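Please find one structure pasted underneath; my questions will follow.
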Amino acid sequence: MAKLQRRLAEFAAARNWQPYHTPKNLAAALSVEASELVEIFQWLTPEESARVMTDPDTAHRVTDEVADVLAYLLQLCEVLGIDPLAALDAKIDRNERRFPI
Amino acid sequence: MAKLQRRLAEFAAARNWQPYHTPKNLAAALSVEASELVEIFQWLTPEESARVMTDPDTAHRVTDEVADVLAYLLQLCEVLGIDPLAALDAKIDRNERRFPI
Amino acid sequence: MAKLQRRLAEFAAARNWQPYHTPKNLAAALSVEASELVEIFQWLTPEESARVMTDPDTAHRVTDEVADVLAYLLQLCEVLGIDPLAALDAKIDRNERRFPI
Amino acid sequence: MAKLQRRLAEFAAARNWQPYHTPKNLAAALSVEASELVEIFQWLTPEESARVMTDPDTAHRVTDEVADVLAYLLQLCEVLGIDPLAALDAKIDRNERRFPI
């Protein structure tokens, strides 16, 4: 993950895209990519949605959008100095207290 | 990351939440969390957005929403059998060809 | 609708909110409100989603979010000089050609 | 607006699309269209975003997405029996009490 974060930073730097990568813009871009994922599923029944990976074209599209969401999430974390894995670890701890079994 | 994915799966299983975790619902939940991130930034100028981590309360809120986005992304990948890091690695390869320097 | 658009403009002007109401910010706010609608439905089955108005609390919440989406849509149209009803009329014309019966 | 709502209902009925138009799916589609609006603005500065209508292609794209958002909002209101204008009128009343000048 650290390696991917570095590749993303180098990719953006080589294209002079950093001025566009404000936290505000990256959060918007992340939500746009998340919606492109939703778009794939929007008219499917729950059952059809469970089978999306059996169609190679749809599987590729879903995988591609997952990559885009992760790309913007990692870039947002990079510019904000957030460690996403530590953030999630702490969040699961809080959720275990909030939703006891 | 694999460890977090396992924690998330056990957390959902212990609460019998798996029936709700269709790919369609997880994609929707992911986009809702991404929008909660956007909400933090929606009225900020680009400059203000670059300083969100200097306020401890906002920093905590941003970190919390980042965790929620990652949680749903990992759970979606889990139910679909997608490796998010491999997906992103392949995507950066494609983008390097698509946007030459 | 014109009357509501005027009320919204006066409401924002009286609070000096216009500087925040750039098209970019209003589009983001619109998408955040749309996601708050999605949030109400995210874990429901299709059948449960069809019955949301039978619960008074949920009915109120849905109606409230619908109002928020419309509010930001009208404000966005106001700052951009778009007539939303004319835009939709023209769009249905195009869709009738695009998706013949 | 009532006329547009009827056109949309007839359009969907003529194509047998009603089974897809659950409130859950329409809310998701609404949020996807709202994100397509955000996408147009995501890398623009506030100043650039204020000038989007001066470029005819972008103006057309924005107008088109506004129409899509309104189309799904009206269809959602139709299946739920919500009057969007009355909902917004009531909401502005509440906001006037909530945010006194």
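A, B, C and D are the chain letters, set down in written order, and residue numbers restart from 1 in every chain.
Methods note: contacts are C-beta pairs under 8 Å (C-beta built on N, C-alpha and C of every residue); 3 or more make two chains touch, one makes a residue touch a chain.
The structure displayed is predicted, hence computed values, not measured ones.
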item: Copies chain B and chain C - rotation angle from C-alpha fit, nearest 5 degrees; value: 180
item: Interface sides of chain A and chain D: same vs different residues, half threshold; value: same
item: Geometric centre distance via CA averages, chain C-chain A, whole Å; value: 26
item: Centroid distance [mean C-alpha coordinates] between chain D and chain C, Å; value: 5
item: Two or more partner chains touched - positions in chain D; value: 25, 28, 31, 34-35, 38, 41, 46
item: Residues of chain C defined as touching chain D within the complex; value: 1, 4, 7-8, 11, 14-15, 22-25, 27-28, 30-31, 34-35, 37-38, 40-41, 44, 46, 49-50, 52-53, 62-64, 66-71, 73-74, 76-77, 79-82, 84-85, 87-92, 95-96, 99, 101
item: Residues of chain D touching chain A in the complex; value: 20, 25, 28-29, 31-32, 34-36, 38-39, 41-43
item: Residue ranges of chain D in contact with chain B within the complex; value: 28, 31, 35, 45-46
